[in-house]
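Below you'll find a set of structures to go through.
In the two assemblies presented below, subunit A is common to both, partnered first by subunit B and then by subunit C.
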Partner chain A sequence: MTAFQTEVLVVGSGAGGATTAAVLAEAGRSVMVVEEGPAVAPGRAEPFSLQELAGSYRHHGCSAALGSPPIAYAEGCCVGGSTEVNSGLWNRLPAPLAERWRAQLQLAEFTPAVLDRYADRVESWLGVSTVPGSLPPSSAVLERGARALGWRHEEFPRAFRYDERGRGTKQTMSRTVLPRARAAGAQVVAGVRVQRLLRAGRRVVGVRAVRTHDDGSAEPLTIEADHVVVCGGAVQTPALLQRSGLRHGIGGGLKVHPTIKVVARVPEVLDHDDVPMARITEFAPAIAIGGSASRRGHIGLALADAGADVSAALGDWEHRFVYYACIRSDAGGRVLAVPGLPTPIVTYRLTDADLSRLARGLVHLGEALFAAGATELHASATGAPVAHSVGDLGGWWDAVDRKRANLMTVHLTSSVRMGEGVDGGVDSFGVVRGIDNLRVSDASILPEAPGVNPQAAIMTLAARNADHLLAAL
Partner chain B sequence: MTGSDEIVITGAAGWLGRNLVEAVAPVRSAVRVLVQSDADASILSLAGRSVQPVVGDVRNPADLDRLFDGVTQGATVVHAAGVIHPAGAVRELFDVNVGGTSLVLDRARRTGMGRLVHVSSNSPFGVNPSCDHRFDEASAYKPYLAYGASKEEAEELVLTAARRGDVDAVIVRPPWFYGPHQPARQSQWLRAVRKGRFPLVGDGGNRRSMVFTGNLVHGILRAESVAAAGAAYWIADPEPHSMLEVLATVREAFKAEGFEVSGGQPRLPRLAGVVAERLDRGLQRTGRYSQPLHVIGELKESIVCDISLARQEIGYDPAVDLLEGMRASIRWCVERGHEL
Partner chain C sequence: MLGYERKLVDALSTTTDPQERTAVLEWVDDSLRAMPEALRAAVGLGSVVLGLWTSATGKAGAPLVRSLERSWLPPVRLHLRLLRSLVLFGDLELASDASR
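For the complex of A and B:
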């Protein structure tokens, strides 16, 4: 068995892991990052393409939380994690939400000044900006609809840098923060799946892992470490902790942003290479309205979710685009590692209030799309009436039920949860209860789903937690 | 009053809605009402020439477009549409109470309506922690089951709209109401009390605020003209009563109206109410709803509110007390040949 040694072992190389590694390495600590997925050269696969699904996602992008209805979800599984495959949409943690968390969970060092300081720092690494010039047509649809109805809307800032010709490059972890960590001496190893944490009393002493080489051969490893920071995301992190015998406050309380889609047909030809940067905030934080990846295949999938005649509707696919309504959900879910299964079981049971909120989001989305000039809308609930005017939207309330709604999510959070003196699994800085040198720094520590894209919150907290760890070294 | 004497009323064919339409129809130039059926439209039209019914569903954006079409800017909106006891599934509470409110608020803003009075409930606040406690306008949300959760979410939408300056909205919170145009369930209740068949759950010392529909209409019209945007007021009868007093007063009202009252006072142990509430909770978690379980579960509780702020700030002055209000309800049933 091969053995490695490091001062700090970071498990996972996504938004949380990369940030943790960069902060610690730049402070001169010895850091090793292990990533289960492969290293994929940035830009090798077309964004949102089938090739990307196959190469950079866990389960080729087809995971599901079991429940009624089930919720499909996607997780990145490659060096850089989900930041390699997401849309780079950037929202700082909403200040009122952060303040509520601070007060309710007695979070230490969680004031706006502290959070802003760390957000500034990670933003300076990435570059966060809006699109130079006017928005592409797919974004303009949302903007036009919102304006016609007098609804609040805005352009998403994104973790993008634009060259002088206006061409944007998404600032993924493998383009930005991981090179920064490597430059400071961190070692990043792909193809390493951590099976369990090795414990001795109140401490972890390292991990047991399997490394898969490019030729497909597997090699068992042990990695000894003074400190371990788990950054596997809201599904993999609790599963690893559970496999290692840590169950208190671990795995319950999973939150997602349940999302329902509409395929809109509009008179003009739309762009299909990127997601829309415009979003409607009128009903935030309960409901967010925006646009999804809409290559021909995505449109076909979304039409299939609606139970539509896909081939006929794809005839004019250049005029069609996928938009979504996504909600903050009252419900909770659970991640459960089952001995013998490589993948944990994820369950999520939507409440009636959640389903109603999804239907409400869908109806409001329909209003905006018709106000923008859409002529035909397919909602992703099997057999929902195809809407040709606002008068048809009333039929969507009853179509969004537990049997027919086709839901998905790309945001999973809160399966470990930080807090002081509560049922969560970690303290204000991500230290696992009862294990002094084990931390969690990823989406799973967010106390609730934030109602906005979580990458900024994850990186901000990871930088803050890494500073706290530095103070302990 | 705002710039127009016109008024738009949702839920106009409901228990409160009919009382409100009857009160305003003779004195307003236009009363635009949303009703669910042609039959309801015909009945409400009898209240006066000013009544303009629109048949539709409060969840349907196109129906609401027709409701607000051509209404003068600055007109008042009373949003009284809501589901208290869903016919089958809990989901309906959220679709109508939250979804309907979201759509109505948005239409009110877009069409430049004036004051919007949102009819809420005691349910977002749950039950009093003790017999002598009263809810006031500083009480925190603690919703009672799905209905309470739906009315809380609706209140939050209204308060957000008011805070952002989208809609000049205020909230009235009536508890259990009674009065003319009562639904069949209320007539059954009166009959059961008269015949001594309605059980007390527990010792009957738990207290309730109730509100006569006439008092509530008065409160809504005060809120229309006086209240500040974003305010919320408890609107109830002058005094709360213990459940024992409520039942005794109903029987007294029957006697005063020439009815015979019979039977004794059946009692259920408080435990029966506790069990009913548990079953109700379990059922609601699976999306289902049983009205008898819900009612028995809630009967054991005190739900009392303090109306001082409404008295002080908007001049709310409830003229009708429980005995007089119950007598009016009984007379209304008798006039319409309802069996009591």
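For the complex of A and C:
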């Protein structure tokens, strides 16, 4: 068995892990980052393509939270984590939400000034911007619809840098923060799955892991560490902690943004190589309306979910695009590591109020798309009527039920919630209760799903938590 | 991939090119292997049960798909939806690749 030693071991290389590693390495600490997935050269696969699904997503993007209805979800699994496969949308934690969390959970050092300071710092590493010039046609559809209805809307800032010709490059962790960490001496090792944490009393002393090499051979490893920071995301992090015998406040309280889709047909030809950058905020934070990946395959999938004749509808696929309504959910879910199974079981139980909110979001999305000039809409609820005008949308209310709604999500959070009360799995800085040198710094620690893409919140908190760890070293 | 799953993929794929059909089959096979173990076990169990039913009824091809679509059992429709999604995405994306 191969053995390594490091001062700080970071498990996971996504938004939380990369940020943690960069802060600690730049402060001169000895850092090793282990990532379960492979190192994938940036730009090797087209965004949202089948090749990307196969190479950079866990389970080929084919996972589901069990429940009624089940909710399909996707996670990145490669060096850089989900930042390699997401849309790069960037939203700081909404200030009213942060203030509510601070007050309710007695979170220390959680004021707007502190959070802004860390957000500024990580944004300076990435480059956060909006599209130079006018919005692409798929984004303009949402903007036009919102404007016609007098609804609030805005352009998403994104973790993108644009060249002088307007071509954008997503600022993923493998392009930005991980190179910073490496330049400061951090070691990043791909293909390492941590099986369990090794403990001695109230401390972790390292991890037991398996490294899979490029030729497929596997090698058992132990990595000794003075401190361990787990950054595997809201599914993998609680599963690792549970496999290591830690269960208090771990795995319950999972939150997602349940999302329902519509395929819209519009008169103009649309762009299909990126997601729309516009969103409708009229009903935020309860409901967000935006656009989704819309390659030919995604449009086909969404049409199939709607029960449409896919072949016929794809005849003019250049005029079609997938838009969505996603909600902040009252419900909760659970991540449960089962002995003998490498993958945890994930459950999520939507409430009736959630379903009602999804139906409302779907109808509002339909209203906006018709106001923008759409001529045909297919909702991803089996048996929902095809809508050709606003008058047809009434039929969608009844279609969003537990048997017919086809839902998905890409944002999973809150499975190891932070807080100073007894319920939280970790304290205000991600320290696991009862284990002084074990921390969590990823989407798991967010007390709730924030209603917006969580990458900015994850990186902001990871930078803050890493500074707190530095003070303890 | 189980025999029934192979049969259903064959019925669902609309690609006529033999090489593309093979590629779609491989994509679905890889995706089923990559699935979380508990989900794969549930899908596999469904495939065994539906495979037995299919053998008894002799249904295949488009009639098989139609009868699954009309099933009054939600898990049967869910099983079909999953495999159809994998096949459809493979069909459409591999065809897009080939057309370039």
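We adopt the following convention: the second predicted complex is superposed on the first by the 472 of 473 C-alpha atoms of A that agree within 3 Å, B and C clash if a C-alpha of one lies under 4 Å from a C-alpha of the other, contacts with A are read in each partner's own complex, and residues count from 1 in each chain.
Operating definition for what follows: a contact is a pair of C-beta atoms (placed from the backbone, for glycine too) under 8 Å apart; a residue touches a chain by one contact, two chains touch by 3 or more.
Remember, predicted model here, so these are calculated numbers, not experimental data.
**Q** For the three-chain model obtained by superposing on subunit A, do subunit B and subunit C clash or fit?
**A** Aligned on subunit A, subunit C fits beside subunit B.
**Q** Taking the superposition on A as described, I'd like to know which of subunit B and subunit C A:28 touches: first, second, both or neither.
**A** neither
**Q** Once the structures are superposed on A, label A:283 by its partner contacts, choosing first (subunit B), second (subunit C), both or neither.
**A** Once the two structures are laid over each other on A, A:283 reaches subunit B alone.
**Q** For A:393, decide between first (touching subunit B), second (touching subunit C), both and neither.
**A** In the superposition, A:393 contacts subunit B only.
**Q** Where does A:364 make contact in the superposed view: on subunit B (first), on subunit C (second), on both, or on neither?
**A** A:364: touches subunit B, not subunit C.
**Q** Check whether A:150 is in contact with subunit B, with subunit C, with both or with neither, and answer first, second, both or neither.
**A** first
**Q** Once the shared chain is lined up, is A:355 touching subunit B (first), subunit C (second), both, or neither of them?
**A** first
**Q** Can A:62 be said to touch subunit B (first), subunit C (second), both, or neither?
**A** Touch status of A:62: second partner only.
**Q** Shortest C-alpha to C-alpha distance from subunit B to subunit C once the two structures are superposed, in angstrom?
**A** Across the overlay, subunit B reaches subunit C at a minimum of 18 Å between C-alpha atoms.
**Q** So which bits of subunit A does subunit B touch that subunit C touches too?
**A** Dual-contact residues (subunit A): none.
**Q** Which bits of subunit C are touching subunit A when the two form their complex?
**A** These residues of subunit C touch subunit A: 14, 27, 30-31, 34-39, 74, 77-78, 81, 84-86, 88-97.
**Q** Write out the stretch or stretches of subunit A touching subunit C in their complex.
**A** Of all residues in subunit A, those touching subunit C are 49-50, 54, 59-60, 62-64, 70, 295-298, 300-301, 304-305, 310-311, 314, 338, 341-343, 345, 382, 403, 406.
**Q** With touch defined as at the start, can you tell me which subunit A residues reach subunit B in the complex?
**A** Going by the criterion above, the answer is residues 149-150, 283, 286, 352-353, 355-357, 359-360, 363-364, 366-367, 389-391, 393-394, 397, 401-402.
**Q** Once bound in the complex, which stretches of subunit B touch subunit A?
**A** These residues of subunit B touch subunit A: 57, 59-63, 65, 89-91, 93-95, 98-99, 102-103, 106, 109-110, 146, 149-150, 153, 287.
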